[in-house]
Structures are given as structure tokens and as C-alpha cells.
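Got some structures for you, see below.
Note that chain A is present in both complexes that follow, paired respectively with chain B and with chain C.
What follows is the complex of A and B.
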């Protein structure tokens, strides 16, 4: 009614209301993000900060700070042949497993995508190993497929071609255990990446292939000049996922080569996580374990960021 | 006309079938060995299927006093059945807030979550052990569960999902007088079913199959999960091989069943998880 007189309060009121609404938004935001913010804070940020400090301590059998020794733990690690060998091991493993997994999963995806009937059936079969844990796979590989006995599956198959039985997991020259290690991870993971490639393949517009057909492209040319470029983003994501997963390899090495009494002492190969497990849990040396954790974390972050520089992973949206 | 496509396609089907047999071989071996006697399994002669089948191995598996298989399976079940729904809920809550509630500092919280995405869980098992150990979580079920309830990955995927969520639903809720939390709980959450099922299934699989963290934090047999029990069984000095394979079958059975029943959700979960950019 008295519009002129009431004018000042009217301009204040929406402001007030908006501010009150903001507080409600902030409250809701805090409630909804609270668990994750606190959980990640505790198990990532606090954990890594604490561990970083611990890495400058002599922390044998203790996780409390107080015995500062500077960079001794880092010096110990970088001077320990076993640690350096573990880095070389994982580098070699990565160089082998990444291209094999990449090509195999892309190949399976293209194969399945190109058949009409039974697509879902074959997809299920190739995916189902992803339900199996590394422990169970290692069990089957160690105790049946590559057990080194004449009745072991690998030796039976080899026998068909006239090969002598091979002690797959204990033979170190040549290091044939890599066959077991690589095939195990390939079997478990290839289905997952195949799914990613299948999603990528189905997103390619059929009109591109129709245009290619009009130009008389061969199947190989269509794959090389249409499919591969169109799968660029998927390929990058898959490569990064395979790479980071390979870097964290632990389960199969522990279970293929570990023995109850001596732990992993007799293992012919140890990746960095097995080395860290032995120092932290075996020797209870949390200082060295923390230093190693920190070195590996930095290594993985650097790899991720380097990859990001080249392909734009993790860039701001 | 009908003949030509069939003959052209035939090599592909042959290839796919041969590969399928290779992929299924480890499952067949598991089943065969689980049904053999100890003599048959260590015999130098190849056999396709034992006769008669030794179902007794499944009984031996649970009778072995040195490996508490039944209790370990229960622990695995407990861990997965808590981690999957709670972890998914936390991820959905944070993902929704980051996508839809515009407050000052939202960008900072998003970055705070995103940074942890680069640091893989398994590499930081020593730091996590230090924290959970100092909280008294060694040899407890909650010690196995707690660090895995907070997944940056799940948060980011839910955020992407909610960025595309239809705004009309929320507006309708506001008009009905619901606050932010009411809109989330009554309208957003019930309409996130497919995403929850997908990421929940992945989390269930991951926690059921987890090895390194349960191995580190659960050293006492009372807190072993099925994976740790099997691993202990596997690396023991004298092994009852058929019972070991029976244990492997029992351990993978729930997940294989899940893959067959809920494959749609698992596949879309995997597909979503590859597109985290």
C-alpha cells in the first residue's frame, strides 16, 4: 500500500532473506560433504602428513615421532639394492603389461563389436574373470596352470608340442615366471578395459564409416583413420588406468611367490609394494616404510601429471 | 546372399569361441580340482573330470582348524555389505553438494577431493596403517572398513552424474517447501538408483576382493577376510589342494553370481569409471 514510505525496508528484506538462504545452503553443503571431507582428511591428508614426518624419524616398532634422523631413511632406501631392483622390476612389468593389456582389450572390443549375434554372451565371458580376486587367480595359476608338474596345464599344453615340463615359477634363467605373472593380470583385467573400449566404439557415429565406404576405404584403413582417432580419449584413459594399476602390483606377486614361513624372502621378484610391506610389516620399520610410501606416491603423482600435460587428464572442467 | 555373410563372419565366431574357452579354462580347472581327491590332484596323469566327484572337499574346507574359513567369509560379507552402501551414500551426498549447492568455497572442496584421486590407496598403506593403528583399528572389522568408505573417485563420478540431473525435480521440491537436505533425501536420492547400483556394485566387488589392506590391518585370524584366509591356506607348508580349490570356488561364487545377475549395472559402472575426466 504505502509504497514510497516502505521502500527502504523492502530493499533490505530480500538481501536479508538471501543471506539467510545462503546459510541454509552452507549448512546443507557442510552436512552433505562432511563425511567425505573428514574421512579423506583423516585417511589421506593426516595420514600422508604424519607419514611424511615419520619418514624423517627412526621409527622401528613405533609410530610416534621424536627420534629425528633427517634423510637417513631416504638415503637407506636409495642405497638399498633391493629397493632399486624393485623399482626396476615394476618398470619392466609396466613396460610389458601395459601394451599387451591395451592391445588385447582393444582387440577383444573390436571383435565383439563386429559380431552381430551373441555379443552379450561373449562380453559376459570375457568380463567374468574381473569378478575373481588376485588371490584366487594366483591360487589357480600357482597350483594348477603353472605348478611345474607334468600334469600342470601349461606343461600339458607344452607337451602337445613336444616341450619338456618347465618349473614355471621357480625357474629364474630364463625368468619364465613372467609368463605366469603377465597372463594372470591379463586374464583378470582385460575384460574391464574391453568394456571401456566397447563404450568408446559404440559412441562413434556410423556416418563416419559410411563416408569412408563411399571413399572406398579398406577395413584396415577404416580402423586406422576412423576408429583409432575416434577412440583417442578412451585410449588415453585406458592407458592411464592400466599404468597406475600396474604400478600398484602387490597381490599376485605376494601370492605367487610367498611361502608361509619365510614370507616373500625367497621370491625371485619383488615389486616396490612387496618391498614396503616387508619393511613396514615384516621389520616393523615404519620410518623406512613411510619414506618408501612417500617416494612411490610422488612417483605416481608425477607420472599422472606428466601424462596430464600431454593429454589433458585432470584439467579443470 | 544368406550364405556369404555367414561364411565371412564365421572366422570371427571361431576366434571368439576359442578365446572364450581360454578365458573359461581357469574356472573349469578350479571346479575340476575342487572335486578331486588329494591323490587325483597330484597325479601326473591328466584327467578331464574325476569319477566319482569328491564333494567331501567342501566339508574339509570348513573343518580345517588352522584356517577359519567360515568366520573369514562372514568377515568378508560384513566388510562388503557395510562398505558398498555407506561408501556409495557418502559419495552421492558429497557429489550432489559439489554439483548442485552453490556456496562459497565449493571450488576449494572440489579440489581438496580431486587431489586425493591422484594418490592410490595401496601406495599409502603405510600412512593409513599409522593412522588407523593409532586409533586402535588393528585386528578389527571397522579398521578394515573405515578407510574405504571415502572414495574421491565415487564422489567425482556422482558429481558428474548430478551435473546432468534435471533441475525441474529440485525446483518442484523447493516449491513444495523442501529444504536442500529434504530435496536431496526425498527427490534426488530416490532418482539416483541406477548410479547407486552401478557404483555400489563396483565397491562391493572391490571390497570383497581387497587383499593388501585387510592383510596389513587384520593380522589376527579373527579379523581375516576370505581372501586372507585363502592366501594363508595357499602359502602354508602343507596344502590340502582340493579343499583349497573348493575354497576358491566358494569365495568367487557370490561375485560371479552378481556379475551374471547385475551385469548391466556393473558394465555401466565400469564404463562410467573410465570417463573420469
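What follows is the complex of A and C.
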């Protein structure tokens, strides 16, 4: 702004004036954005580019380049059933967790929005878990709720219905460890998405419901033909957030199934990020670890684009 | 309270933040300046994994301080690393924050190959005869010695005498007896056997070794854990699970005596280090045996691990590192004894020190030493984390009945061979 105010009279040649003003603006721009750009560049983009180069190298126990092997790391991953299984695992996990989280948080939001008293109280109660870290929650789940002892909370509850104690986190037939994984994520996430839905619900004009009532709609019809369509933008955003969060699942799998001594080698399931963590940091194979993270990135981009196509993210109404 | 105007609020905030920053500077939570404060010229960074026994962390800090007292020029800053120690160490070794010296449980040949370790021949040479040949061979690569064994740890099967008596079983000598004991000792509230929270732990390795097979063939370079006898032995994991007497999902893992000491299981695979805690909890109501033999060609085994003191090849103060290792792990018999018997139990790696300790002269502790001498077996230095992960993944699937043992282990062995070939290339 000062640049404009201090600009010399119009009599000065136009080119000169423009250049002087540009330099000052460029200077300010550089000072203001410089630190962020340098920080981002150094700690994100240089690292990403380096990792991309590493993915074409045989980098074992080192992060220096120099042993070019072309697409061998990519070929190794695409031929490794452990990696392909981890992709299948995360796909299954996403298919299960996304609709459940979506329905649960929408349901909670509608319920809380409809009660007359104690709205703030319940809103807070359900939001609190969102502030708990995955690591802490995973340890509570592992050690207190879903341990294999007859005195574990889940086993005590099961015992009331006559079920035998189960080692929840290592039993694979049936794979009951999913109960622990899914409930943990729901407990942590539902509150946050519920808040987003609540905001959406409160933005719906009451006059729509009043008009509906005059026409004699049932509660279900009001939900189906007024609430849901009005929540479309919120729903699409929430869906996208849940989806990306599901694909990036790492913390609960690592902490629920890791033993500390052998890492996650004996885990019944491994999502791709845990697999890549083990390859890069456990086995010290940074080439394979980098290649895998680029494969995963491509996958997330493709799925997000596809999802955008189907639900029309960013499309105008 | 009088209303606060904007200026006084601002001044207050600045004072508060400034005070907090100053307090942060002086309290030095990471103790990075320990050396500078005591006037030392050099501060060495040393890493330990988090030992479970109480008093251990204070002990290593005390050793460091005693060294500085004797050598005022060198200070030691000890880091106590909880969780997956080796993974954290491996990634730190590639950075400028790498420790100057550190301990490592299973020696890895790949660390030498990757140029991470400094040879310690001149430190160990005068005391070479004090160490067992195995402790030297494991860390010898191309004629150079890369580590000083600090302690020997033997791992074995703890059993509760009273529980075995009540169930009418003997301490198991064969795998068939182990299966029977696990089944019979299961009372619902107290399970028969605990090998780890994941139901696998070291049991797959022990089954392999107890059948007479091994990870490598006699050449030491060809992966052999998919041989017919090895497959048969590891398939025994499924039988153990099928007894219904195997404890799983206990909050602490096998390396902690919790499950056994609290009576959640009648037998547990555990380490000698837990013996003092177990004695405190159970008195004389326990004994130890080696892992039972599998099949006719097999033999009883126990794993002998322990910890090596290693030196970073890229340390800026190689002489100070060697001086400290020599002082603590070669010369200082008193502190070595302190470390081996005052907290958990470990067998001193140096024979003269082991001969001085009286703690291993009777009872289960004596049995443990005998077991380690007669049945002890260690990992090869070529066995690395990547191969171990492949092996354990296959074993877990077999234990859960999700895979055909021969096919699964064959596949894992092929991949593990590729990992080994890469190391040797």
C-alpha cells in the first residue's frame, strides 16, 4: 500500500515507475513468503525429490545415491505379496470404516441437533476423544479393553453372554482384531466429523422444515428430502476427509500390533504405511521404502480423483 | 481483580513468555550441557535400550559420572531409548545426531558392511582371553573385532513347581511333553504357557533350533529354515495354539516376568534378567529348563543373547570412545559385577568377573548358567531384521493355521536368501 501512496507524479516515464514499484513489491513478497517457501522447499520438496531419486537406487543402510537400479524397487514391490496384501488390507479397511464413520457421525449430529436440552454437554462429550492421541488410545485399547486376559474389559463383557476369553489382537479365525481396530478409530474420529455435520445442520434454514410441515411430511421424509440434500457439501467434504485418513492409517496398527521386540513382524494385518515403515526404518532398505511411498501416493491420487468424479467434489450445484 | 488494559496484558504476556524461555534454558531438560557444565572438553553421546529392571537407568548414569570423575576431560551423555530400539538406532546412525557409542543386542554383519562400526581390536586385545570364543567370533569380520560383549543373557523356560505338581506333570523335556503340559496346566484362570503377547515370540526360532535345524546350513550363507525337518518343527506352533493352553494378549511381553510372576501362566519363556523379580514374587516356587527337544534328531536349546558395546565409525572423538569402553567394560570389574547382579541378572561376559560373582552358585540361577553352557545358541550375524521379519511373518501365519507351512516357509526362505545375498554382495 505504501508503495502506491509514495508513487511519484504521473510525469515520470511509465516504464520506470512500473519497475520501481515492482522491485519494492517483489522485496516485500520475498521477505514475507521467503521463510515459508525455503522451509517447505528444504524440508518437503527437496526431501520428496531425494526420496524419488532414492526409489531408483539400491539404498540399503544408506540414504546416499549412487547405486542406480532403475525400476527394480518398484518391480520388487509389485511382485511382493506382503505389499499387495497390505494394499488389499487398506482397501478393505477403507470400505468398512468410511461408511460406518459417516453414518455414525451424521446420526449423532442429527440426534444432538434434535434434543432440546444439554446440546453443548453432549457435543463436548463426543468431541473429547478427538483430542486423544492415537498412541495413547491404542495402548488403552491394547492393554485394558482388548487384552487376552479373562479380566480384560472385552472378555468380561463377552463372559456375560457366556463367551470364552479371546486373545482379541492375535485371533485370526474369526479375525476379531478388526473389532479393536474399527472401534478405536470410530471412538477417536466420530466426534470431529459430528461437529462438521452439526455446523452443516445449523446452517439449514428452519423455514424449509416449516414449509415441509405445512405439506405434511413425516420425520423421515424431512430428513431424506430436506436435511440430506442441504448437507451435500458438508457430506462430500467429510467423506473425502474420512477416506484420506483411512488410507493414511498407521498409528493404531503399529501400536496395537507392535510388540516392541520384533516390531510388527507378527502382526495379523499390516497396512501399507506400516509395511513401508518396516522396509525403510526396520530393514534399512530406503530404496524400497521410497518406491512404495510413491506407489501409495499415486494410488491415493487416483482414488481421490475417482471419488471426485462420482460424488462431484467442487462441482457447482 | 482490577480490569486489565491491553498494554498491561501485553507486558504481562511478554514477561511470562520470556520467563518461561529463560527457565527452559536453565533447566536443560535433555542434559545436553552436562559436559560443558563440569568443564569437560568432550561430551560423548551414549545409547542404551530401556532395560526393564528398576535402577538400571540410574546405574548407567552413575557409571558415566564415575568415568568423568576419573577423566575430567570426557563427559558422557546417556540416552535411554524405549520401544523398538534397533529401528531408532539404525535411523539415527544415518544422521549427525548418531551416538558415539551404543549397545546392540544381536550383532549385525550389515552394520560393518555399511561402514557404521569402528574396530575395537586395540581395546580388546589385552583381555581377549577373558571372553568366550563365541563372543569374539560373532563380532569378528575380516579379522577385525567390532564389539565388546558386555553381558550374556540366557533365555529359558520358567515353570511354576506347585502348578506342575498339582497337574501331575514333569518339567517338559520333549515337545510332546510340552504340548501335554500346556494342555494340562490350563485351568482357565491360569494358562499353561506364555511365549509372548502375539502367541509367537521366540517360539518359532526355538522350535527350529530344537529340531536340529537352523536358519543357515553348514556353509553359514545358505538360508535353510525351509528344510523338511524345519517345516515340521515350525508347524508345531499350530499344535501349541491348538492346545488351548497358550496365553496370548497379556499386556507385557515375554521379556517381562509379569505374566509368570502374577500367576497368569504356569510356564513362561523368559530371560535370566527376570530371575530376581520372579524370586521376589514367587519365592522358591519356580524352576528353569531349556526349550524341549523336537523329534528324535533334536536337542534342547536355550537362546544366548546379551549385549555388545559398539563404537560409531564416524564419531568425532574415537580415542575418547575407546578410553571409555576400556574403562567400563574391560577394566572395571566392580561396575561390571554391579551391572550384572544388582538389578536384573546377567552373566558377566568376562570369565574372571563371572568367577567372582556368587549369585549364580545355587538354585535356578545356577541351572540357568548350566543351560546356557550346554544348550545355548545364538543368532548368526548375517541374520538381519529383514530376514527375521520374513521368518516371523511366515511363522505367525502357520501358528494361526492360515498357511501351508512348507509353501509359506519356502517362499520366505527364498526372499530371505535374496536379503542375505545382498549383504554378502
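Here is the rule we use: the second predicted complex is superposed on the first by the 286 of 317 C-alpha atoms of A that agree within 3 Å, B and C clash if a C-alpha of one lies under 4 Å from a C-alpha of the other, contacts with A are read in each partner's own complex, and residues count from 1 in each chain.
To be clear about the criterion, a residue touches a chain if its C-beta (ideal position, glycine included) is under 8 Å from a C-beta of that chain, and two chains touch if they have at least 3 such contacts.
Fair warning: this is a prediction, and the values are worked out from it, not measured in the lab.
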- Query: So, A:56: does it touch chain B (first), chain C (second), both, or neither?
  - Reply: neither
- Query: Counting only touches as set out at the top, which of chain B and chain C does A:297 meet: first, second, both, neither?
  - Reply: first
- Task: Once the structures are superposed on A, label A:258 by its partner contacts, choosing first (chain B), second (chain C), both or neither.
- Result: both
- Message: Quick one: is A:124 in contact with chain B, with chain C, with both, or with neither? Answer first, second, both or neither.
- Response: first
- Classify the contacts of A:25 with the two partner chains as first (chain B alone), second (chain C alone), both, or neither. first
- Message: Quick check on the superposed pair: does A:102 touch chain B, chain C, both, or neither? Answer first, second, both or neither.
- Response: neither
- Task: Considering only touches as defined above, state whether A:281 meets chain B (first), chain C (second), both or neither.
- Result: both
- Task: Scan A:37 for contacts with chain B and chain C and give back first, second, both or neither.
- Result: first
- Query: When the two structures are laid over each other on chain A, which of chain B and chain C touches more residues of chain A?
  - Reply: B
- Message: With both complexes superposed on chain A, which partner does A:234 reach: first (chain B), second (chain C), both or neither?
- Response: first
- Identify the overlap between the chain B-contacting and the chain C-contacting residues of chain A. 63, 142-143, 149-150, 258-261, 281
- Note on the structure: Interface with chain B, chain A side, in the complex: residues 22, 24-29, 31-33, 35-37, 39-40, 42-48, 50-51, 54, 63, 108, 111-112, 114-116, 118, 122-145, 149-151, 153, 156, 187, 192, 195-196, 198-199, 233-234, 237-238, 241, 244, 247-248, 250-251, 254-255, 258-261, 273, 276-277, 280-281, 286, 289-290, 292-293, 296-297, 300-301, 304-305, 312-315
- Task: Mind listing the chain B positions that touch chain A in their complex?
- Result: 9, 12-13, 15-16, 19-20, 23-27, 29-30, 33, 42-46, 90-91, 93-94, 96-98, 101-104, 106, 109, 112-114, 116-120, 122-134, 146-147, 149-150, 152, 155, 179-181, 184, 205, 208-209, 211-212, 215-216, 227, 230-232, 234-237, 239, 241, 244-245, 248, 251-252, 255-256, 258-260, 263, 266-267, 270-271, 274-277
- Spell out the part of chain C that touches chain A in their complex, as residue ranges. 83-84, 87, 90-91, 94, 110-111, 113-114, 116, 188-189, 196-201, 247-251, 253-255, 264, 384-386, 388-389, 392-393, 395-396, 400-402, 415, 419, 422
- Task: Give every residue of chain A touching chain C within the complex, in rising order.
- Result: 58, 60-63, 80, 82, 142-143, 146-150, 152, 167-173, 257-263, 265-268, 278, 281-285
